[in-house]
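Should a chain be cited, it is by its letter among A, B and C, assigned in written order, with residues numbered from 1 in that chain.
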Amino acid sequence: MKEAWKTALASTATLAALVLLWAWAVHAGALDRSVLPPPQEVAAAMKAGLVDGTLHPHILATGRAALAGLAIGVGLGVAAGALIALVPLLEAFLLPLVTAVQSVPKVALAPLIVAYLGFGAASKVFTAAMLAFFPAFIAAVAGLRGADRSHLDLLRVCGASALHTLWNVRLPAAAPYLLASLQVAVVFSLIGVVVSEFIAATEGLGYVIKARSQELDVSMMFAAIVVLCAMGVAGGLLVRIAQRRLVFWVRS
Amino acid sequence: MRAASGGLPATLPGAPPRAASLSVRGLDLTYASSRGPVQALQRLSFEVPRGAFVSVLGPSGCGKSTLLKLASGLLRPGAGQIELSGSPVTGPRREVGIVFQQPTLLPWKNVLENVLVPVRAMRGDVPAARERALALLRMVKLDAFARHHPHELSGGMQQRVGIVRALVHDPALLLMDEPFAALDAMTRENMMVELQRIWSTTGKSVLFITHSIPEAVFLSDCVVVLSPRPGRVLQTMEIDLPRPRSLETMGSPRFAALAGALRGTFARMEEA
Amino acid sequence: MRGLLRPIAPFVTLAAVLLAWLLAVRVFGAPPMLLPDPADTARSFRAALRSGELATDALATVASAAAGYAIGCSFAFALAACMALSRTAERMLMVPVMAFQSIPKVALAPLIYLWVGFGARSSVTLVALACIYPVFANGFTGFRAVDQNLVDLLRSAGAGPGRIFWSVRLPAAAPQLFVGLEVSVVFALLAAVVMELVAGERGLGVRIQSASATLDVATVFGALAVLAAIGILASALLRAVRRRLVFWQRDTGGVEATA
């Protein structure tokens, strides 16, 4: 417990020092107001955005698209992984390509997706799904493949069907990997939505950041960024809770 | 003490019909490895009569576990025959129950559900099996833990569940792959006695793989000694100690003589 | 026979995709707006290569990514070493670092553009920021995991902290560090592309952006292909460097998902 207190104290001291430095720098004129507004202005913008509701529609737009993209991307990723587990032959055909694609920044496709699907939610969801697919797929393949040999042998001796084995042994064995990949997928899907909103959108937190940058409204940009942070952290927290409830047998 | 070769009758008196005999003849198995083909077993032949408890004793790497996979139909031999009660083994057989070295219970299911895994896999009658499962758990005194999860049980308890799981679908032959190797010495001794009790109650035929001489002598009617790779039968020894055997039996001069003879075989193996 | 099939299987898939593409365009009449003819794509690709446009763009992207990567990774390395070796530093900085980590770096792109300005400088800045966390996290874990016995051994032999660092701590942490470095390579490219999409003047991202706006799909595909090649080569290069420098470690074989 002593350690935790020491850390909390030290970190708070650092953060406080940074904020004070910030306030002083602006006050002393070392930084131009348009570059970095004083902390009070940022706080005011956050209040306007969150409490008064100016950011609400944007939060909803980004949040909904990210959630949809996450669901679709992860769903497809797990399904594709299950397919490879059921038809092991496919692995040699698909996995090396997916591995190669890992080194490619897939967000580069975002402009093309916007060109095809337009300014609305569709392109955001598509981009998010595309990014969320890969961590889920790779985790699914590794997890489904990595089921305990003895469990598989046991079911084989009992004459279990491939589907039965998939549902009863492979999928639960893959659950820890899948949930871990979900942490990553949450972040990626947010990134996908934000980048899509940068390119072309009419609402959303990414849109706010981009639009406000043109008005030099740094305070509102900060506010939007903070909300994005919070969304990412909240998503991660939810996944961790899910991990503890669903994958109760893994001690980590 | 005779180094007999299959001196036991084909069926032990009092064995229920649901016990199978296992016949292994001229078994050869070679597998591919990164260093080229490796011959695991060579012209292996022995018998497990109905209702008998036969141990296969051998040093590490002599192909004991491979033998188990062959007997259960998980692997096909390169040459030779395996027959279960006269019918050849060509694939996984439901009449066989396996107990692994590690309990390998599914961590996300509770004890009862784990025991029922084979039944569900075989699409069997689950309600009837549940009754059977609870009775078996009662037999090993784990019925109170039926709803617990594996991580709440000790190694010995988990392994007992593993044995019950292997028995739930009433197999005719029980294959056990060094089931007590992962347990500490005290638990191992208790499990030996427990296993003898389970075996005499259920009357199944058992093929028991081990590298422990005392275990083999304590539990078996007959011990088959395997050579280092490639595994061949070096010796078949009848264990004529009276049953039921207790931990005191392990201190008897007859026990020591039998164990000593086996140890001698092992020593000669090392020199060779 | 399986052994022969394995290495050619992915190429079979690629060939199948190419075939499907050809069929879609030539036989099923997919609109050229949606899917250009493979032959046209190849032609415009060759033209772009020959004219040197693609090369200039590629160079611009790679340059900012590489510069940012170097800066970000060096900073992260120093930070990781510092915090792993000093409890005080760790206590003071861990929470701010975690807070920094929770910010999706791409979200900062417009802000950085505002602060740093037009040109490669903002790309380099974003890339540097994006590279920090993977290298820091892995480096920190790596330095922390050093066998204390080894350190004690050297200390009792009279070695100073600097020596201990270079001969024990660094090599021990190297495998883990490299994991971070490899992950960061892809993040670097990602950040460079995103910055270009937001406000770039030159680079593959810009090319993709402008070509997409005019639905010049052939050009987009060409630029994407070059980007893909750069990404794959960069990862492969880093893996090769790791195998030479950290020769005592077997390939982890794990695959990291990236955006």
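Observations
We adopt the following convention: contacts are C-beta pairs under 8 Å (C-beta built on N, C-alpha and C of every residue); 3 or more make two chains touch, one makes a residue touch a chain.
Every value quoted in this text rests on a predicted model; they were computed, and no experiment measured them.
Chains that touch both subunit A and subunit B are absent from this assembly.
Farthest from subunit C in terms of Cα centroid separation is B. Centre-to-centre, using mean CA coordinates, subunit A is 50 Å away from subunit B.
Our note on geometry: subunit A versus subunit C, Cα centroid distance of 18 Å, whole angstroms. Computed from the mean C-alpha positions, the centre of subunit B lies at a distance of 53 Å from the centre of subunit C. Touching of two or more other chains is recorded for no residue of subunit A. Those residues of subunit C lying in contact with subunit A across their complex are 5-6, 9-10, 12-14, 34, 88, 90-96, 99, 102-104, 106-111, 113-115, 185-186, 189-190, 193-194, 197-198, 204-205, 208-209, 211-213, 215, 217, 220, 223-224, 227-228, 231-232, 234-236, 254-259. Remark: subunit A residues 6-7, 9-15, 18, 35, 92-94, 96-97, 99-112, 114-116, 131, 134-135, 138-139, 142, 181, 184-185, 187-188, 190-192, 194-195, 198-199, 205-206, 209-210, 213, 216, 218, 221-222, 224-225, 228-229, 232-233 touch subunit C in the complex. Residues 69, 72-74, 92-94, 96, 98, 100, 102, 104, 106-108, 117-118, 120-122, 149-151, 169 of subunit B touch subunit A in their complex. The residues of subunit A lying in touch with subunit B in their complex are 148, 150-151, 153-160, 164-165, 168-169, 172, 175, 247-251.
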